[in-house]
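Given below, in the form of structure tokens, are the structures.
Both complexes below contain chain A, partnered by chain B and then by chain C.
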Partner chain A sequence: MKRIIRYLPVLLVMFSLNAFAQDGRFTGNFQGDFQYYLSDSTINAVSPDELLLMNSYANFSYTKGNFSAGLRYEAYLKTLAGFPGEDGRNDGLGIPHRWAQFSSDGFDITVGNFYEQFGNGFTLRAYEEKALGVDNSIDGVRVKYSPIQGVNFTGILGKQRYYFDYGPGIIRGVDGDVSINDLFEKLQDKRFRVIVGGSFVSKFQEDNDPVYVLPENVATSAARINLSYGLLNFNSEYAYKINDPSEDNKYIYKPGQAFLATATYSQRGLGLLVSTKWVDNMSFRSDRNATLTDLNINLLPEITKNHTYTLAAYYPYATQPNGEWGAQAEVMYNFKRKSKLGGKYGTNLALNFSRVHNVPRNPINDTIPVGASGTLGYESPFFSIGDELFYQDINLELTKKISKSLKFVLTYQNLTLNNDVLMQSEFHDMIHANIAIADVTYKFNRKTSLRGEFQGMFTDDDKGDWAMGLLEFSIPKFFFTVMDSWNYGNSNVDERYHYYTVGLGYISGGSRVQLSYGKQRQGVMCVGGVCRTVPASNGLMLSISSTF
Partner chain B sequence: MKKLAIYLTLILVAGSLFYACDTIEEPYYEDNVTVWNGRKSLILDFTGQRCGFCPDGHRVIEQLQTTYPDAVVPIAVHCSFLGLAVTSDTTQPFHYNFMDSINIALGGDGMSSTGHFNITSQPVGTVNSFSPEDISAPGAWATKTAGFISLFPEFSIEVAPTFSDSTIQADINIYTEIATERQVQIVVYIVESHIFEWQEDYSSDDSPIENYEHNHVLRASMNGTFGEKLNTDVNLSVGDEFEKSYNLKIKPSWNPENLQIVAFVYDNDSKEVLQAEEVYVKE
Partner chain C sequence: MMKQLILLLSFFTIIGTVSAQEIPSVQLKTLDQQTVQSTDVIVNENDGPVLLCFWATYCKPCVKELSTYNELYPDWEDETGVKIILVSIDNARSVSRVAPFVNGKAWDFDVFIDTNSDLKRAMNVINVPHTFLLDAEGNVVWQHTAFMDGDEEKVYEELLKLSESKE
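Let's look at the complex of A and B:
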């Protein structure tokens, strides 16, 4: 019965869609990932009882004028290894995501599931990232209202999605921003522009704990400002969270704080970015006992570069919501065509630096150790920076087109990470690594090309040196890939494994089919500051995606 | 006017949300909840086989061990006049010698030696103290122990025992949990349980009892009566670690299955016992 009630709105939407369908617009897409697993004891790859697992979903949405509605069918039979909830919580099929939206008279109203972000995400960021298996959409009501130009309000209330169910908490939030220039006619044409904003998000969860007196209503509020002058932009936000004892902070009652400031300058051929972030005790979930990627209400923005090349992404950084200070600087410069360094087609250079430290913690008095459960925990002065290095990344990327047919990207990366904190393998202490990558593309003609990636990671720590090579040959409608990652520098000679993959892909319009066979090493994959551990696997993988 | 109404509504909604949060003030625990934060209580029970009220003390310890599992570390220091054996005839009551040199060094023998604690009446004991000034009757031990339960330990102690060729080895790691300024002493004793021998017990009609179970009986010290100094620099920071290793050959009369290592640290000035740990020699 509960199911019927839950899907009733879906059926209603479907019926109404039918009525409207004559002149509206239907869109949709499908993604299916199937993997057949083989056991391989050498790399610790195990095959599940089912042998074949699948993650798949399909979106359907309908838009007509100022009305839109949609749903997503999802099926995980069973969840692919390494995805959140693979222990069974995520297994199943159904329509966990459906929504309808319309706008009228300055109001924009959504009922059902929605994604939303307030400011930089300190107070609220409901989002999905299928590659990580993260979907923390809110099922409820969202009202956006813009009474006049430059003034926007958003109010939300709902429960958070927890796989095919709901989390135990209720989330309420309001957000608003005001463009000062738009408000006053005199300021409208000024180059100096100011936008101020604020948000407030509160969660409710019952306190049934026999030991602790827990806050049932926990609020986070934030204020932000955006200043711009011509090509220069400055953005800053400060957030404060009241006591929120949770599994993340081991049940301490200390309030949390977060701060972010980013300045950017960009003009044709030049981009500059400097940014700093300070976070203390800012994990915020709609279930105080949730862990990993479950039921996060907020998302603390990342302060390090997200790398995509295999070995550059070997040791990703994961935001530490319990406390971190970080800074990042980036310069992008384009040497013009026909200049000395630009050559015939121009040269693009990007230099990026980021560094993350701990936040020092002082005891609250002489009798309570730092971080003790059932106490205030510790004291950290605002924007205090500790001596302990978590992560440092210096990287340089050079993109150059030599001729009409030859193009390459060269990357160098110098990486230091504290594996006692980030724990990406069993290795203890600091990991220092140098990574060099060459990505070369040669075009035989407009539709036929060969791309090669040659990567090397050089380190005396953890599993030692790695080499990786990839060849990708593309012809109209088809592509072939051959790839090998080789841990040739492993101090244990018996563990100098090759992780090879061969693949074949077919592309036609908006559809794509890819079949590959090979081994995947155990690793950590991060997108947008959220990471998941990927177990080693060996098997056949089929991936199908299509849109209409 | 319509706009004003909408603004006012928005402000009211936002305002009411601001009240929707609960700031909790101390105490953070529910009423009637006792939380043990890891601080253990060392109870030195100065007892004797011929002391008829001493089993009262044993029962207080048993009760405390039931109330606070893992939080109580008892040592039965058989000492003073009532602790002495009165005969060597093993067919007679009170022939068993519970009193090794460590017992006399601590409690005295009631005759020529006073020992550190100078025990003249029994049963008495101390809870988390190595000072004779803190001696109290068993009736006070529960209250004293309760006072330590919710405190956080300044140190944690890990004892890794090994036993071979009748020799006990204790590898001990002491870890600083709270920054402090103290000169700390580390003491490591051996105790034995499940010794069935005579005991006077005035609460029983059958006193003296022939097969009374004697537990936590102090046998020896692995590093002297008062142990040894742990630190030279009195400024201890969180994470400061100390490693100690001691050996002791057991006596043939001791049953290794029932032997435990008791390690504890105390402040050399205040004599407060700051943390204690016990493990079986044969795990």
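Let's look at the complex of A and C:
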């Protein structure tokens, strides 16, 4: 009886919640990654003292009508090797993410943690990418307001998440966009459509610097436009940031700028894209001393194609926020079924080209060296393009179905990257590589298939040639994989290592379990345009994810 | 022990009494950057089911999945009245590729963009591809994560099951 009285409050709360939840939705998900590490001196893989490490989280959210609320429990015991904050800053467990939201009369109000993007992300991009260990959500207040159709405003104020803590800065911002066609009845049915928008984001951080007088309030503003006419679309944004001395720019007082313009044309069977981007001194963080993936307020998207095949992604590109110019063009074409080049099932072709250069830096005067701390740093005329090549990627992808049971994707890539700038290994100078990939799928029957990837990277630079092979056999609910990456062209014969992995997985509905064993090479891993360095490792990995 | 038991029982009682998951109301963008509400656009005007697919241009299994569905779409549409709607989670790097990509593949689906991943989070999607089957009332009746050749047969079975239960 005493026990029942003791737990009576808990029971009351839960039954109240139960009554409240009668017409609502309660949903969530879970992701857990566990790795048991083994030392392997051949590939410089070391095992931590704990041997077994874990990254995991679970989201729970409740929605009833216009109200929703949720939280995320996270546990890093300890953080998996290679993730940001593995030095201990990210270790721990708790509920660092919780929020409540309701909408009414054109208003949408969120309190607690939220993610947000203004325009293309030049001024604000708070987001999460668990695969990279990035979560720069803002904890505070967000108000969205749409007074009429086609007019949207957003205002935010808060502090940025820093692992299980907060960054030192405060972030304030407003954003708005207006669809001109929606404002005027006469224009509503016109094919030519115009949307204009703008954003303003400011951060505050106390100046405790013993040497420099630093701006405590730093603002970034941006204007954008989107024009569309039938199958044509043009999108452009320009951003300007006042002086923001930071660790990223080595404490110079120069303002920053960014510009992006993209035009696309598409009709059924054809897609065309041309795009250019120019960035100078546009790193923007809520802590001026932060580095790597910590406390970024904005995101400067790469203007190169995001590759996902292992060897095509071996040398990924990462935006250089201190200065770069880039351009990209892409053609996607579908040869129709039963045409000469289309064959019975059609043929799909995609050709992509991108090139990135430096932005020239001219001295301010004869006495101050370029980039000297505590000065204006340098001068760079808007949209100036330097001679130094950072990256060039030409790639061609052909997708073809031969028969009901056989289809393939063939990829060729010609890559040039400046490793003195991108620093993806100890190698200095330019890396030139050719990459060829065949991805072949054979269906034995309606539900059983075998997929093979055969990849080769051919280069005289860095670690030389690589070959990679993967076999993936799938039957309903299960799959089995065998993979090996072999650095057969390494100039050091003793370092011609194999990085093999074997794995099996189970998928049912929204749940997935994967167990794998093998070696991972040291390198750079990129997801959605952001990269992190992953160390060499050897061990057993278990990954569980589930959605309900 | 008693406390944990009460919490657990109450938790499952709540889950047992709540209604099925439906489409949350969040803002999405059209391919020409117009802002729309998810509940207004993720619907089948013909009172049939919706196959809602979360994807990204850089996701190989997603592209494979959607190319497979595109081949089967005319038959599925005739037999079950299904409408396929895509939600792209491409970020600022690749979002401008979505329209030319979809057209370049000659896909015949309605496509919306979830750049801030609001709908992805609201529907608890962890990785793409992730596919939801909604009945004519907009309730989630089935979902599946990942794609491997042969999974389209399971989708077809679920579509038939749904159209048979409607009859």
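Keep this in mind: the second predicted complex is superposed on the first by the 529 of 548 C-alpha atoms of A that agree within 3 Å, B and C clash if a C-alpha of one lies under 4 Å from a C-alpha of the other, contacts with A are read in each partner's own complex, and residues count from 1 in each chain.
Here, contacts are C-beta pairs under 8 Å (C-beta built on N, C-alpha and C of every residue); 3 or more make two chains touch, one makes a residue touch a chain.
Note that the coordinates shown come from a computational prediction; the quantities given were computed from them, not determined experimentally.
Peer 1: Look at where chain B and chain C land on chain A after superposing the complexes, then choose clash or fit.
Peer 2: Overlaying the two complexes on chain A (C-alpha atoms) leaves chain C and chain B fitting together cleanly.
Peer 1: For the three-chain arrangement built by superposition, which of chain B and chain C touches the greater number of chain A residues?
Peer 2: Of the two chains, more chain A residues are contacted by C.
Peer 1: Looking at the overlay, does A:T63 come into contact with chain B only (first), chain C only (second), both, or neither?
Peer 2: Touch status of A:T63: second partner only.
Peer 1: So, A:S228: does it touch chain B (first), chain C (second), both, or neither?
Peer 2: second
Peer 1: Would you sort A:M332 into first (chain B), second (chain C), both or neither based on which partner it touches?
Peer 2: In the superposition, A:M332 touches chain C alone.
Peer 1: A:V370 in the overlay: touching chain B, chain C, both, or neither? Say first, second, both or neither.
Peer 2: first
Peer 1: I'd like to know which partner A:R268 touches here: chain B for first, chain C for second, both or neither.
Peer 2: The answer is second: A:R268 touches chain C but not chain B.
Peer 1: Just to be sure I read the superposition right, which of the two partners does A:V211 touch: chain B = first, chain C = second, or both, or neither?
Peer 2: Only chain B is touched by A:V211; chain C is not.
Peer 1: After the superposition, what is the least C-alpha distance between chain B and chain C in whole angstrom?
Peer 2: 20
Peer 1: Check chain A for residues that touch chain B in one structure and chain C in the other, and list them.
Peer 2: Touching chain B in the first complex and chain C in the second, no residue of chain A appears in both lists.
Peer 1: For a test of understanding, state which residues of chain C touch chain A in their complex under the given definition.
Peer 2: Answer in residue numbers: 2-3, 6-7, 10-11, 13-15, 17-22, 24-25, 27, 31-35, 56-60, 64, 67, 71, 91-94, 96-97, 99-106, 108, 115-118, 121-127, 130, 142-146, 148-150, 153-154.
Peer 1: Which residues of chain A touch chain B in the complex?
Peer 2: 145, 147, 153, 155, 172-174, 176, 200, 202, 204, 209-219, 221, 242-243, 245, 253, 363, 366-370, 372, 374-375
Peer 1: Chain A touches which residues of chain B in the complex?
Peer 2: Chain B residues touching chain A: 3, 6-7, 10, 13-14, 17-18, 20-24, 27-30, 33, 35, 37, 151-152, 177-180, 238.
Peer 1: Inside the complex, what are the residues of chain A that reach chain C?
Peer 2: 3, 7, 10-11, 14-15, 17-18, 21-29, 31, 59, 61, 63, 66, 68, 103, 115-117, 120-121, 125, 127-128, 144, 146, 150, 152, 177, 179, 193, 195, 226, 228, 233, 235, 262, 264-273, 275, 299, 301-303, 305-309, 330-334, 336, 345-346, 348, 350, 399, 409, 439, 441, 443, 446-449, 451, 472, 474-476, 479, 507, 509-512, 528-529, 545, 547-548
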